[in-house]
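Shared between the two complexes below is chain A, which has chain B as its partner in the first and chain C in the second.
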Partner chain A sequence: MSGKRQLILATVLLIAALAAPAFVGNYWLRVLTTVFMFGVVAQGLNVIVGFAGYHAFGNSVFFGIGAYATGIGMTLGLPVWVAIPVAVAAAALIAAVLGWPFLRLRGHYFAIATVALNAAATEVIINIGGVTGGAQGLPLPFSSLPPTLLYRIIYFAMLATLVLATAIVFWLSRSRLGYALRALRDSESGAEVMGVDTVKAKILAWTISAAMTGSAGGLWAYWLTFIEVGTAFDISISVRGYIMMLLGGMGTVIGPVIGAALFQLVGDAIWSHFSGIHNLLLGALVMAVVLLVPQGVLDSLSRLRPPARRPRRAAEA
Partner chain B sequence: MAGAWTRRIVLGCLAAIIAAPPLAAQETLKIGAAISLSGNFSREGGLLRDGYELWRERLNAGGGLKAGGKTYKVQIVYYDDESKAQTSAQLTEKLVSDDGASFVFGPYSSGIATATAVISERYRALTLAPMATANSLYARGYKYIFTPSPLADQGLVPILELAKGLTPAPKTVAIVGPDDLFPNITSDGARKRAESLGFTVAYTGKYPKGANDLSAVATQIKSVTPDIILATGYVQDSILLIKSLRELQVSPKLIGLATAVGVQDFRTALGPAAEGVMGVDYWVPTLTWKDPLFDDSAGFAKAFEAKYAKPPTFHAASGAAAGVVLQLAIEKAGTVDPTAVRNTLLSMQGETFYGPFKFDANGVNTLAGLNVSQIIGGQPKVIFPVAVKQADPIYPRTGQ
Partner chain C sequence: MSLLRVEKLDLRYGDSQVLWAIDLAVEEGRISALVGANGAGKTTLMRAIAGLVRPSAGRISFGGEDLARVPAETRVRRGIALVPEGRRLFAGLSVRENLMLGAHVRTDRSAVADDLSKIFALFPELEKLSGQIAGTMSGGQQQMCAVGRALMARPRLLLIDEMSLGLAPVVVDRIAMALKSVNAEDGITMLLVEQDVELALEIASHATVMDTGRVVLDGPSTALIDDPKIREAYMGLAA
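Then we have the complex of A and B:
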């Protein structure tokens, strides 16, 4: 799909999202907030996987770091609007430091290393104990705001984070860094020969990715008000994000957002009508998507258009 | 789904026959339950649901819930939280704000229940969480969550209380277990209680969760030769610990576990070494506490076997007991307003087949206690509290 069309689609979705709280109840507000949250996670993956071609299966580690940094910050008395930015900075910093050794690994090795990092992080949190709550989990201060108001605040905060993440991806798609990442995705040695500083580009990409994922984790912690390692560093967070990114279209600007919305909303619709076999149906749906629209729904949509435009799309990707 | 429909039709017909001359128009009381039917806790979640269902069915078959001159049929709306806290929060939100449930039955496990509690607290939906017993959940100042079960820090306390009355008096205690949420709470609780009862805690140790070799731990325990060894672990690591102790010929006067010793695996794996080992149970079918719905624990066990064709577990018992607690509170309050029912719960004292209850302001049942069983002659026998015991404790233990 062309950049212009993606922009129109994004604008329409944004207007709908801004208007939604006026029409839906708290339950649907929560469902939509979850969509935005996974949208941010999927965009985070999009940067490192879709652009740089580094398969960070364990990116949920930054979700957990964002959640825990927010929780610890708030427990120590920081207001939430300070704690979350600090958490985002912490996630980004950790990615930047760990990026040096980790991003020297290529292909499967990097993917496995990120999964190991996620597992290691849970052990570290448990063993630090103290401020992290260790194995007992960490309760965050309970907001005294009435639910309707609080949920609207969280809804708009999550939406704003998603818009920002998508804007960053949009910028990336036409920036020098974005071109460098796509070049190294296709051939890392080739990119180096062309004069791209691949180490710097990769580390930057993972830092951006971690910051996005961490911000989703931070808001999630404030939203749920109780975190424990099992749920904060749950690998299924990145697995879901991955499916959403693939579903919408890897390496596109709004594909991951579309993927998050489709996957989450269809998932919710399925379980509410087919309780008991919902996981089976969802699994079948994922398989169908992978087999039938491997390039993502955005690509399939663009194929409905006159074939004359197709070569340009290929060049764009 | 077909099963559910058939059941509904059958139940509907039954209800129609029983309520032959229709009195006042019956109202429905909706209770929401987001519990784990898939994922890590699907087994425990399913058992808990069995308990909730048995309570609902029996109550409705007896005419329903009576409050303030009205009669309510109870309906429970179930969703599957997939053993995930995030999903539980979302579903509880749906149950309370969309489906109109003003009461909630909690899930299995404290981690998930905490997510449930945050939502029900915001909406002031009264929540009974019989299988969420982490102390932290009840230390957060929530007003609408209650549990009829004893909290995690009580896990080994009844064994210590029992030990206090034994002769020759045991003096030293070793406490050991995996480094994990529940065992840690249980271990801290046991250490504090042991000290307050005048025991000397000679050793406290932790090993990594899932450890395959406990010989180092057993060696350390051997060096302090305690009279009592308390283990906070799960069934598998407790088996391993007892085997390691036996290899090193450590034979304390009392071995107490924070799990049930009635489990068949336990007796099979240890053979004669299981003899004399004590464990705790939330519930056993021989309890003699009374309530108007099931009469006593034998009555509950009978009703459960009749419906499900299998013996009940403590999960199911705690679920049904939570239902009875809610029922007693609503009937006493004479209204189905959750805040009024909460206030009644705080002021009342009562009894279900599962045990007595009186709640403090945090929703903790101050009368809840665990039961101690011991393997005697190859069979688990209840030995404590004295009121429900089936046998006298064998002390010092005679096992190999």
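Then we have the complex of A and C:
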């Protein structure tokens, strides 16, 4: 799908999202907030997987770090609007430091290492105890705001985060860094002989990815007001984000957002109608997606257009 | 003065040594060729010069400076650009994006735009196909794009690995002519690796012959063309 069409689609979706709270009840407000949250997680994956080609299956570790850093910050008395940015910075910093050794691993090894990192982080949080609450979990200070207002604030904060993440991906898609990442996704040594500092580019990509994922985690913690390691570092957060990214179209600007909306809304619909077998149906759906639209729905949509504008096969030189 | 100088270079892949005491000098402003049969170590030597493999002994210097501790991406900044064997375009990127990646290290935007139009003048089909995904082009178009991409770095030394491999003779001729004109007009020094010895000696003014990891002959192309050993061993011509 062309950049212009993506921009139009994004604008329409944004207007709908801004207007929605005036029309929907609490249930849908919560569903949409979840859509935005996973949209941010999927965009975070899009940066490191879609652009750089590094399969960060364990990116949920940054969701957990964002959540815990927010929780700890607030417990120590920071206001939420300070705690979350601090948490985002913490997630980004950890990615930047760990990226140096981790991003030397390629392919499956990197993917497995990130999963191990996620597992290790849960152990660290449990064993530190103290400010983290250890295995008992961490309650966050309650907000004094009335719940209807609070949930609307969180809705708009999550939406703003998603818009910002998508804007960053848009910038990335046309920046030097973006080209460098797409080049190294194809061939790392090829990018190096073009003068691309691949180590720096990869670390930057993972840092951006971690910051996005961490911001989703931070807002999630504030929203839930109680976090524990099992849910904050749940690997299924990145698995879901992955499916959403693939569903929408990885490496595109708004694909992950579309994927998040489709997967979450369809998932909720299935869950509410077939509560006993919803995971079975969802699994079948995922398999159908991978088989039928491997490039994502955004690509399939653009294929529905008349073929005239699609690039033709080149004539032989 | 030699722009590139390789001295006593040894290189090993694990336990097996593939380059033995290689000496090579590439004079500024010239086109030099590195010829020899399959497995002679030509591509390995190119990769060592580009910084993609590390020699086990010896020295490579460029413009008088030792490159031992200079990583591949920094060598591009110093002025060494590589057209890799098999072209290695970024298949998912468009032709224009591939060309612009060649200029990744440059910040002089207006000069980059000028160079892009120069490349398009050199290979007009690239301009027509500039929005097309590189992986979908024909082999010849891809090779033109790979040469253009390397030229976009505005290198002092252009390394070209097996330019003719798998291409139709007409396409090879066109690219060879383009390289000669770029060398004549911009004075870019070139080192080309070729299995097609006849082609190499035609384009280059100077050639180095390699065999099983060693330099066996070195001299002006005109002398090598008439060398009966070369004619017999590499050109399939009777002396």
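Here is the rule we use: the second predicted complex is superposed on the first by the 311 of 317 C-alpha atoms of A that agree within 3 Å, B and C clash if a C-alpha of one lies under 4 Å from a C-alpha of the other, contacts with A are read in each partner's own complex, and residues count from 1 in each chain.
The rule is short, and it goes like this: contacts are C-beta pairs under 8 Å (C-beta built on N, C-alpha and C of every residue); 3 or more make two chains touch, one makes a residue touch a chain.
Keep in mind the model is a prediction, meaning the values are calculated, not measured.
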Partner chain(s) touched by A:N279 [first = chain B, second = chain C, both, neither]: first
Partner chain in contact with A:T11 - chain B first, chain C second, else both or neither: neither
Touching partner for A:S175 - first (chain B), second (chain C), both, neither: neither
Contacts of A:R30 with chain B and chain C, given as first, second, both or neither: first
Which superposed partner A:G190 touches (first chain B, second chain C, both, neither): second
Chain A contact footprint on chain B (complex, rising order): 1, 37-38, 78-80, 82, 84-86, 89-90, 93-94, 97-98, 111, 114-115, 118, 121-123, 134, 136, 140-141, 179-181, 184-185
Sites on chain A touched by chain B in the complex: 25-27, 30-31, 34, 126, 134-137, 139, 142, 146-147, 150, 220, 224-226, 228, 230-231, 234, 271, 275-276, 278-279
Residues of chain A touching chain C in the complex: 176, 179-180, 182-183, 185-187, 189-198, 311, 313-317
Residues on chain C engaged by chain A in the complex (per definition of touch): 50-52, 71-74, 76-77, 81-82, 84, 88, 90-93, 97, 100-102, 104-105, 125, 129, 131-133, 136-141, 144, 149, 153, 168, 171
